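Two complexes, one shared chain (subunit A), two partners (subunit B, subunit C).
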Partner chain A sequence: MKTLIVVSHPQLADSPTQQFLKACAAGVTGATWHHLDALGRFDVAAEQAQILAADRLVFEFPLYWYQAPASLHEWLARVWTRGFAYDEQGGRLRGKSLGMVVSYSQPRSAYQLGGTENVSLSALLSPYAALARKTGMTLLAPLEIAQFGYLTEQQRGELFAQYQQYLTVGRPARFAEQAAWFLAALAARAETDPTAALMHDTLAERQDQLASLQQTITELREGEAD
Partner chain B sequence: MDETTKWLLEQAKRQAEQAKAYEDRAFFLALGTFIQKQELRLTQAQGEVDGRFWDHRRW
Partner chain C sequence: MKTLIVVSHPQLADSPTQQFLKACAAGVTGATWHHLDALGRFDVAAEQAQILAADRLVFEFPLYWYQAPASLHEWLARVWTRGFAYDEQGGRLRGKSLGMVVSYSQPRSAYQLGGTENVSLSALLSPYAALARKTGMTLLAPLEIAQFGYLTEQQRGELFAQYQQYLTVGRPARFAEQAAWFLAALAARAETDPTAALMHDTLAERQDQLASLQQTITELREGEAD
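Presenting the complex of A and B:
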């Protein structure tokens, strides 16, 4: 999968979150880091060509006053033109997927009804859902990063895997697809690491066992419904 | 927790500790969490299968 990571951040070098994500993305085949604020004036044709070459677009930004920084708005206004993003025939982005990686400095519980911000992240990101619908793109559930600075090393490790999956996996929220990602990564290590090979085989066997149990449950439920 | 899960978790921990590159360390830390989630799903799925087979209304 070819993924274009569209990063909107005016002070990227000062952001530990973005530096961490950039390092994670560097290890992903097919992922391109595209920092809008570093581009200066947008070359519309070149930007559109990059978008067309991608299977997935990921808008990545910190929340600034409940929305993306200015560069993402400017890029959308200038690059996502009529005839390119949408037209009577449906536009040229149809069939791609659109994800969002959104970071903020409050705890996760802040962005919900009744939370300290009293608004959900889904509500704030709804313009992008409209944009995906208009252009025929499949929307992925956003990857939220709350209070990166407070994450433990264990949690950062989990974010590393989650982010790489978000860039490469068809449906990153699905457990079976996460399993396939871990298995592929273990298989790649198995060539030089016999323990990784054993872990791969054991995990694969357990994943098969889980699929088989889930199949049995489906059949039992159908039998009960009859 | 069964013996296989214990073994997998020990290996993931050891691999994370011995990793030289950060991305390897991060991967094995995340793998540990995945192993636990997989085990939970297996336990729950097995429990559901057992529960449905032993449904008294079907005796």
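Presenting the complex of A and C:
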């Protein structure tokens, strides 16, 4: 899968979150890090070509006053033109997937009715749902990064895996596709790392057991239906 | 009332909607037209002083991909700093009112569940509701301008009055405050325009009749409660 990570952040070098994500992305085949604020004036044709070459777009940004920073808006206004992003036939982005990686400095629980921000992230991001609908793209549930600075080493490791999955896995929210990603990642390290080899074999065995249990459940249900 | 109209539009001269609104605003005492895209780099201290001097802020913009253009986001990120817009004590904008004048090229009915855009303007503007809440400002229902190019002369006249009310009237959605605005506007023209004088007297009489009817209803209700 080819993924274009469209990063909107006016001070990328000062953002530990973005520096961490950039390092994660560097290890992902097919993923391109595309920092809008570094581009100056947009070359519309080049931007459109890069979008067309991708299977997945990921808008990545911190929340500034509950929205993306200015560069994402500027880029959308200039690059996502009528005839390219939408037209009577539906536009040229149809069938691609659209993800969002959104970071903020409050805890996750702040973004809900009755939370300290009293509004859900889903409500705040509704313009992107409308954009995906208009252009015929498949919207992925956002990957939320709350209070990156407070994450433990273990939590950072989990985020590393989650983020790489988000860039490459067909349906990142599906457990089976996450497990397949882990198996592939462990297999790649198995030759040089005996622990990875052991983890790979254990996980593979568990996946087989799971598949077998699911088969049993399917048969039982078929029995019920008779 | 002092109103700061914060206009975000990258091509103001080409926008008949904004040119119309600018002409309307020119006739309003206390209203300042403030076009962000014309400012270049923001002078933060000057911007903050202008905001503090206003009783009402009105964000005025067309919908670009369901959101405001980039300049409003840039302005908010640079000017609405911590300590100014919010802090532990609540910030310095508390008690001001916040309005929005939002224009778009679809009919009004497009922006609702099941409409062609399948999303409400309220959902799309939820970041501004969150911003008003965070800063302690009173949010006004937005003034929506749908398909300005298709408005008849009469409809433009109505928009003229609506917009001027939106800039100056305490609670623009209240009928009584709208009527008071009309009476004042007609009184101002009465000396030179006999039609305006006649309309003023007729409207004033109707308002008296309304007030008398409302008094009667109040008394009847009090009787019921006995």
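The criterion applied here is as follows: the second predicted complex is superposed on the first by the 215 of 226 C-alpha atoms of A that agree within 3 Å, B and C clash if a C-alpha of one lies under 4 Å from a C-alpha of the other, contacts with A are read in each partner's own complex, and residues count from 1 in each chain.
The rule we apply is simple: contacts are C-beta pairs under 8 Å (C-beta built on N, C-alpha and C of every residue); 3 or more make two chains touch, one makes a residue touch a chain.
As the structure is a prediction and not an experimental result, all values here were calculated from the model.
Within the superposed three-chain model, A:Tyr64 lies in touch with subunit C and out of touch with subunit B [touch as defined at top].
Legend: residue contacts after superposition of the two complexes on their common chain; A:Leu151 is shown touching neither subunit B nor subunit C. By the touch criterion defined above, A:Ala123 reaches subunit C but does not reach subunit B. Between subunit B and subunit C, the partner in contact with more residues of subunit A is B. Once chain A of one complex is fitted onto chain A of the other, the partner contacts of A:Arg206 are limited to subunit B, with no touch recorded for subunit C. By the touch criterion stated above, A:Thr195 is placed in contact with subunit B alone, subunit C being left untouched.
Applying the stated contact rule after C-alpha superposition, one finds that A:Arg133 touches subunit C and leaves subunit B untouched. Within the complex formed with subunit A, the subunit C residues making contact are 10, 64-71, 73-74, 76-77, 80, 117-119, 123-124, 126-127, 129-131, 133-134.
Taken together, the subunit B residues at the contact with subunit A in this complex read 4, 7-8, 11-12, 15-16, 22-23, 25-35, 37-39, 41-42, 45-46, 48-49, 52-53, 55. By the touch criterion given at the top, residues 23-24, 27, 153-154, 156-158, 160-162, 175, 178-179, 182, 185-186, 195-196, 198-199, 202-203, 206-207, 209-210, 213-214, 216-217, 220-221, 224 of subunit A touch subunit B in their complex.
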